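Multiple structures follow.
Both complexes shown next keep subunit A, but they swap its partner, so subunit B is in the first and subunit C is in the second.
On to the complex of A and B.
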């Protein structure tokens, strides 16, 4: 099975830059590259596919250095964000494009295309042209076309972004299902952290053309190594505090105890919104006033003003707190992370 | 959207202007079909056949080299790309009679004889020299047209093809080429009809060979109007037929057999891109750029004080220049005023007449200018109109599409949402046009103004047909050349006009923001 190694990779596409990037994409896994727009995710994908040549560094697929190889020789399936379906060809011609470049046996071509279209549930639309299809159908044709390449590597450039929320959610699991069924190594690029969490086995978080953190989905979520990762993946509160002990800091006149060791005189304490609890006795309780309350269906989300700082709390236990209510919040010490600075956030 | 009374009045007036001043006079000659006695002499038939043979050969050569060149210009990044891009367009703006002299000087080869001895002989006036001339001024139409098409094709389709395993050449044949099919065909039509209709410069290099437009002028000068009309009608009908065929062809033609070539193309993609680039470079330099600029390169010595003095004292040339500029300026201003509302009618399909007027504009563009000139002379002859006025009206007529085309294309490209946004922010229709639409289409208007002006300045065929006594500079040049009297001052005039053309061309390029 193929593994992708990127070594000291730098590349430029328009204003987007990828800088000195080192990354290993593990074989057979579903890896999501997550980052805000302009972070270089798509550029990275295009470099792997050979659409963009890197300024420096190497691209190694399955042990073979493919840096100077044109895209048609790399044998990598690529799914384009806006599908890039050939407008002058039918669905069948689009999907069969890569097979017909290799095989001349029309029966085999037909059979493979039928298999692919069946896989994405569009067999009945084989003779339609792209402009006759809905967004979801185009997405499936683009997927079938990339799969028909019969490559073990599939690169997906924001495959779900152009779809409406409902379709997006439904197709997530289908994508993973197909990838697993065919035993593919997938690199899926998205700016949507919820989508990333749902499909990923491994997550790579990017910012400003660099990899901030890469690893198993669970590890990246629970042990972010950088405030940006904590900020971008899930919802996190950042509290600026004065360090007053190895495991204690003062915030808003209260002492907050932590399990992590604190260093220096100043720390930014980070805690996930869903880890904070209402009206629970114990250490680390803060008083505040509800300034915003949203019912989100499966959970409630509150914004609480604690001495001028807004702290967000998510809870699955529906409570009937209203705007203006006084509440106490408890921050479990084991869930508190500490960073030197607040995340840099682009507006 | 509903129309106010005043806007209806405006559009109505513009449509009347278009039909009676721009469109009807050039096709008036078709009424001669019904006048009886429509017949084509064997001389006429021979000339028409010559014209078609020449145009076909020319277009074939153009396509062969325009396909790779437009690809290189649209897709590759290299130093001096913009310079090459600009130079290739030179023949579009240089008056054809100057091109005629330049091409004759280059391919006539007196310079080669003086360099390598009198036995060295390139070409003499005749069939092949006409082809060499026509390739020069038709080639840019194809390159422009295909390049524009390629720039509109999203590169993402090409990238997709590559990731699916297509070599560069396979991708070009199966994706890029089918997607720019329309541009290739419309470029071919333009080149074909331009070749079919060019008069002034062709007369210079034709020798004893007769082409259809040349014979029209000869018949007209000899007073045999019915013979001239017959040839003109054939040319117009041929142009119209081509237009119709092309519209159908661009719908019907399909991607060729798919799976036969990939192996060969893979081999060619890998090995021969260098050969391709060298071949294209050789063709562009040797067959387009050098012949175009030869008049300047070989005669740069005449740019001196005595030649200037001679030029200033040459009443014939000076008067020709003044008349040319006067006529071109009037035609440009009148067309500017009418082309903007006409552009709106076409791009917004007002009164559902957009396509009709779009096609009618194409027809004018395709009517061979000597036929057009004859038609205008006959039409306005009915009204005993002053010759200068007829000349101006003729120029308004054939240059109108050059203004309308870029304007309507730019208007089509303006996002309607921007105008709607301006309206919701409180702008009146006039205000939103002035503050949103106009600034967005300004580059196209500038390009249209320059193209119209240059087209009027450089036209020969129609001008010769409508005016007997008033002579524009290009007509003067043709006559001087025919009489073997091209002196220093005439060459100097050519060089100055050439320089002016180049400046205008750079201005067009800048207005398109390619700088």
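On to the complex of A and C.
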């Protein structure tokens, strides 16, 4: 049975709107809601938590309509960006606060709190006060507090955003580990597509208050249904081309062959930067000049000027190409997608 | 002569030494990134260069001349901070004109100069907008245009991308890099994002606990980290604590590894990047392992692999060909092994603080 169902949901929070949204969050999976700021992803989370009432539509958890229930009755644990801890309480008291609302057995409370602090690696800090902790540690305390409610549903609003890179990387895998260990259904909101790809099983991409695509992470990445999804998740080139056959289009004076069927007279061909190959023979080769080269560690990224259009290429192969070099790019037909338009992109 | 030089730079705040004898040089037209986790002292170094903090000891030279006594406004520097700090009551165009006004550009030239800069940051059509109507990324580009408008040849960037959505941040980081190269500016960019530092810089300075631990061109530092900390902070690495068993060989968990060179100590810390480990290549040096987990990351897939007690992460561009529980062979090519002495305390090296 799907665990969270959102039906014809509309909600407003300041200038952000969620419009006629239908979505199923699957039981026991780690779902990431991804979108630019203002796309309505946090508002959506607040509606599920019960912090905001929808203008219309229903929120159904485990088959029960919870739309009119207060947050504490919904059986969800949540963590929001402004994770204020009580400054006058120790770490232990901060975490036990949310359980004391539900339970009275002191031993049981203590045991639960210890377990949760152990999970987030802060058992040794149980008696410390918030002002003795770093930002990352405070965030983990807030996470332990959300977990301590022992709800099977955990809602996370940008839980890693305020952390520096090392902690962010570490907590990413911790979060997934904790969720799997406890068998949680997680809804994790973030604007960061790399973070999303790392933690998600399912991905929901939002834009302007609507769901653009939802599904298994692999499917959303490899089969984007909308140019915005291809743009926002990973890095994609969009080439405006004139259709000249069912599987061929003209770009920059060259014929590009595709496996996908092309319709109409005009198409936007889309290809991921990592799918383009340097100096490989075959169909679909384009000539260009390297105008920028960036070392990204495990990858090199190049910007290549092809007849006035910049094409980006990412490669893990060692290459000594540099700015000014003439190169040939090969676009494998199987990796080319086609859309009607370029993505609508906010600058 | 270097554009900027610091000599034994020290900054103490009461009992805390935030910056501890820092020495580096920056050449004219170079793009230099200072990286490290929060609290490592990188922002304090930048604030001293800007004149916003006074060094406790040491000297800062611009073009060979000490500037330690100069006020920020007398140092001829352009700034970009995490918060955009635009004037909310001025339009985009007026914000940029303010930078030109500070530089005392002739009134007749202000309009065309302003247009030129807005064109550079691709915001010419938004000249009449107020900052509140722009996205974070656009506001930060206005701030960049205004910083450039002051005409200074030196640009100091303090985490200018960290308040932006990742997508906007990546786009802007390439724009800043390209604009600064086009204009021949010297840039010092403080960042906690290792990818930004690797991609934009001519030189990286890695800091930890107030000190410079390594500096050099990004590729050199990435390929030849001087400590496990640098291997971990820049990029990503697997670490294996191993015992030396031969001239260029070490063992861990019953598995023998060929090393690229004579090891520095009896016990060593081996490190290898997830993208350098090789799966299923039928090489005799491979050993058997099991796939524990699969994580699709888009351009690459990460496999959690276990061999005896060893747990390693391996990344490859091949998707969807292994699943949890599959048996595989794994090889760690000697040329890609990084070998460190066991004098390093691994848990301390990898702790965030």
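Throughout what follows, the second predicted complex is superposed on the first by the 344 of 347 C-alpha atoms of A that agree within 3 Å, B and C clash if a C-alpha of one lies under 4 Å from a C-alpha of the other, contacts with A are read in each partner's own complex, and residues count from 1 in each chain.
Here is the rule we use: a residue touches a chain if its C-beta (ideal position, glycine included) is under 8 Å from a C-beta of that chain, and two chains touch if they have at least 3 such contacts.
Every value quoted in this text rests on a predicted model; they were computed, and no experiment measured them.
Participant: Taking subunit A as the common reference for superposition, should the pair subunit B and subunit C be classed as clashing or as fitting?
Facilitator: Here subunit B and subunit C can both sit on subunit A without a clash.
Participant: Contact-wise, after the overlay, does A:76 reach subunit B, subunit C, both or neither (first, second, both, neither)?
Facilitator: first
Participant: Let me test your reading of the model: by the given contact rule, A:257 touches which partner, first (subunit B), second (subunit C), both or neither?
Facilitator: neither
Participant: Quick one: is A:98 in contact with subunit B, with subunit C, with both, or with neither? Answer first, second, both or neither.
Facilitator: A:98 sits against subunit B, while subunit C stays out of touch.
Participant: If you stack the two complexes on chain A, which partner ends up touching A:88: first (subunit B), second (subunit C), both, or neither?
Facilitator: Touch status of A:88: first partner only.
Participant: Could you let me know whether more residues of subunit A are touched by subunit B or by subunit C?
Facilitator: When the residues of subunit A touched by each partner are counted, C comes out ahead.
Participant: With the two structures laid over each other on chain A, which partner does A:299 touch: subunit B (first), subunit C (second), both, or neither?
Facilitator: The answer is second: A:299 touches subunit C but not subunit B.
Participant: Pick one for A:27: touches subunit B only (first), subunit C only (second), both, or neither.
Facilitator: A:27: touches no partner chain.
Participant: Just to confirm the value: shortest Cα separation between subunit B and subunit C in the superposed three-chain model, in whole Å.
Facilitator: Distance of closest C-alpha approach: 5 Å.
Participant: Write out the stretch or stretches of subunit A touching subunit C in their complex.
Facilitator: So the residues of subunit A touching subunit C come out as 36-37, 134-136, 164-167, 169-170, 191-195, 197-198, 217-218, 221, 232-234, 272-274, 292, 294-299, 301, 303, 314, 316, 346-347.
Participant: Considering only the defined contacts, which subunit C positions touch subunit A in the complex?
Facilitator: Per the stated touch rule, the residues are 37-39, 122, 135-138, 141, 165-168, 171, 174, 177-178, 192-195, 198-200, 218-219, 222, 232-236, 273-275, 295-300, 315, 317, 319-320, 352-353.
Participant: Hey, which residues of subunit B end up touching subunit A in the complex?
Facilitator: My answer: residues 154, 156-157, 159-168, 170, 174-175, 178-179, 255, 258-259, 262.
Participant: So in the complex, which bits of subunit A are touching subunit B?
Facilitator: By the definition above, subunit A touches subunit B via 46, 49-51, 70-72, 74-78, 80, 82, 84, 86-89, 97-98, 100-104, 145-146, 149.
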